[in-house]
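Following are the structures in question.
Here chain A shows up in two complexes: once beside chain B, once beside chain C.
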Partner chain A sequence: MGDPIAIGAFLAFLLGTYVVGSWIEHRHYRTIRQREQRWRRLPVVTFRQVPAGWRVEDSGLVTGNVVISVDYFKRVLAGLRALVGGPVKSYELLLDRARREALLRLKQEAMQGGFHAVINVRLETSRLANARGGEGVAGVEVLAFGTGLKLSQPPA
Partner chain B sequence: MSFDPSLPRDGVNVSRTHPLREAALLIAIVAAAGALCVVVIATAVDWLVPKLPPGLEARLFASAWPAAVGRDADDAEEATRAAAAQQVLQRLARHWSDNPYALRLGVMREDQPNAFALPGGSVVLTSGLLERVESENELAFVLGHELGHFHHRDHLRGLGRGLAFALVMAGLGAGGAAADVAALGGQLAQRGFDRDQERAADRFALELLAAEYGHVAGVTQFFGRLPAPDGAVEEALTGYLATHPLHEQRVEALQALAEQRGWPTTGALRPVAE
Partner chain C sequence: MILSNTETIPGKTITRFFGVVSGSTVRAKHIGRDIMAGLKNIVGGELKGYTELLQEARAEAMARMVQEAESLGANAVVNVRFSTSSVTQGAAELFAYGTAVEVR
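Right, the complex of A and B next:
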């Protein structure tokens, strides 16, 4: 990469993927906030025990799973960070989105299953390697899982 | 138990730095690191190169005659031109008193006019250059320029810098775009060294020309007939990226030098031997 055309193409591609990537991110955040607002009455908590006073009629596993890919811009930034060191800020929004989306899908599954609350919620994350043999990151998977409870008296 | 739902906050888990600001900062840092790396390497190579005796260089690179170079036996005209160029090269080299190289000359089939100084004392001209040359003086300037590279051992410097930089990049294990950005900084720094070498080689060539012919005519006309070094579009875009100084700058520097040393810029041009 020495001639101005290659440099220009690189910068243009970087800027282009930034514009498209942040547009998609912005849209995603809008739906995340909408759904968080809409479904906020469903308790999703990390307690391991059933809270005192809840009368459980039925329980079951509920999961929410999401895979989000890294755009070129974020990957380049993370690659540069890997040389210099320091917080990989470009991945923070990506992981924040993935965590919140996974929890929303968990809530959705819980509601579809007729559960009134989910306890003992845990988050797992794993990296999906590229098909090219582990070089770079194709995407990140976040899995939220917990125990859905059907209650005789749903919490207010 | 009562449940009081609250919404997640966009809080401490996301940094507030603008991504483009972050990108600009990181690109600048990594490119600067690449450039610094080249400056350090170039300094070390410049210190090391004069310590390598030309005799050893000649032995090391004895077999470095590129495969692309070979006289086309069918092309009698080109063979004549090459033989004439060889004679001009030998005559010019006489003015370089402590020349340690056994000079060789080859012609490469390539339409782009260009010339190279290879380790071990080989000068390679492209057939496109031989076709474009209109006087012996012009040819002598090109050959003198390559002799200048030998005189300053530039062929080894360029080789050493390239090798060392490639080794450093491989050692870092930097891959993908990050390596490209570092290499970009390195190349920009390298171009500065390249152009300094070209200017020095130009001055050496002019000195040989003045010694051989008593004047330095023919040089400026020759630059006018050459295409821009890295393509006209790119040259217009940015002069800094070019490996060679721009033609106008070279001509200006050469005219200034001729004036300073009192060399006439006009005189009889010798025709190229046909």
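Right, the complex of A and C next:
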């Protein structure tokens, strides 16, 4: 691995994944914020019971899921971070994106099903094992699920 | 069949309990999807192939759970929960379970 061309190519590859990965992340965050703003009127809560005063006509399970991964550069960075400990920002952002995306998809499904609110929302995170073995994370899945409610008087 | 992850079906009363019902499926990843996901993994972002794969698998697990509930004579499943476990390299188990009940 003393070959300067090989090292240069690897660094260029790292830089490439950083640029493309950051762009994808930036674009994703933009659509997340847009959709959160657009659909903020649909109440999604973690209450286990129907809030007092809501007259429920119908209900049903709604879900939303997403599998997402970080770019190679951030994975290398996280690997280095593991040597010294401390917060791993790139994975924090990854999980934040995944959870918000899963919740948005849950909201979308709820709206498509004609529900006015979703209660008892739960989020579950699972790690997908890398198919080729090794320690690398293939991606994380976040599943959001809850009970959609059709109300006779939708909350304002 | 009404499904809910709350302990009761909102707006209805439970008249009978039939016990726990469950459904599961173990799925392996499609090689084509895996190669695509592997490439996508380099730059990060959503791995759509996997999102869909898990969605389909979870739908199947739920369908099996519903089938079991129907065979018992239930018309609803309450307190539905999900769990995912990586059984082996490249395969995952999707499991759905809940309590079969009769509601009115």
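Here is the rule we go by: the second predicted complex is superposed on the first by the 155 of 156 C-alpha atoms of A that agree within 3 Å, B and C clash if a C-alpha of one lies under 4 Å from a C-alpha of the other, contacts with A are read in each partner's own complex, and residues count from 1 in each chain.
Methods note: contacts are C-beta pairs under 8 Å (C-beta built on N, C-alpha and C of every residue); 3 or more make two chains touch, one makes a residue touch a chain.
Computed from a prediction, not measured in an experiment: that's the story for all the values here.
After superposition on chain A, the partners chain B and chain C are accommodated together without colliding. With both structures placed on the common chain, the touch criterion links A:111 to neither chain B nor chain C. Once the two complexes are overlaid on the shared chain, A:43 sits against chain B while remaining clear of chain C. When both complexes are overlaid on chain A, the residue A:76 reaches chain B alone and has no touch with chain C.
Figure note: vertex chain A, arms to chain B and chain C, all at CA centres after fitting on chain A; angle 110 degrees, rounded to a multiple of 10. Look at A:119: by the touch rule set out above, it reaches chain C but stays clear of chain B.
In the superposition on chain A, contact of A:87 is made with chain B only, not with chain C.
Nearest C-alpha atoms belonging to chain B and chain C sit 13 Å apart in the superposition, given in whole angstrom. Shared interface residues of chain A, touching chain B in one complex and chain C in the other, are 74.
Within the complex, the chain A residues that touch chain C are 17, 20-21, 24-25, 28, 48-50, 55-61, 63, 65-72, 74, 94, 101, 119-120, 122, 124, 126-133, 138-139, 141, 143, 145-147, 149. Interface residues of chain A facing chain B in the complex, by the touch rule stated above, are 1-5, 7, 10, 14, 18, 22, 33, 36-37, 40-43, 51-54, 73-77, 79-84, 87, 89-90, 92-93, 95-96, 100, 117, 135-136, 155-156. Residues 1-3, 5-8, 10, 13-15, 17, 19-20, 22-23, 26-27, 29-30, 33, 172, 174-178, 180-184, 187, 230, 234, 237-238, 241 of chain B are the ones that touch chain A when the two sit in their complex.
Those residues of chain C whose C-beta lies close enough to touch chain A in the complex are 2-7, 9-11, 29, 34, 37-38, 40-48, 50-51, 54-55, 58, 80, 82-86, 89-90, 92.
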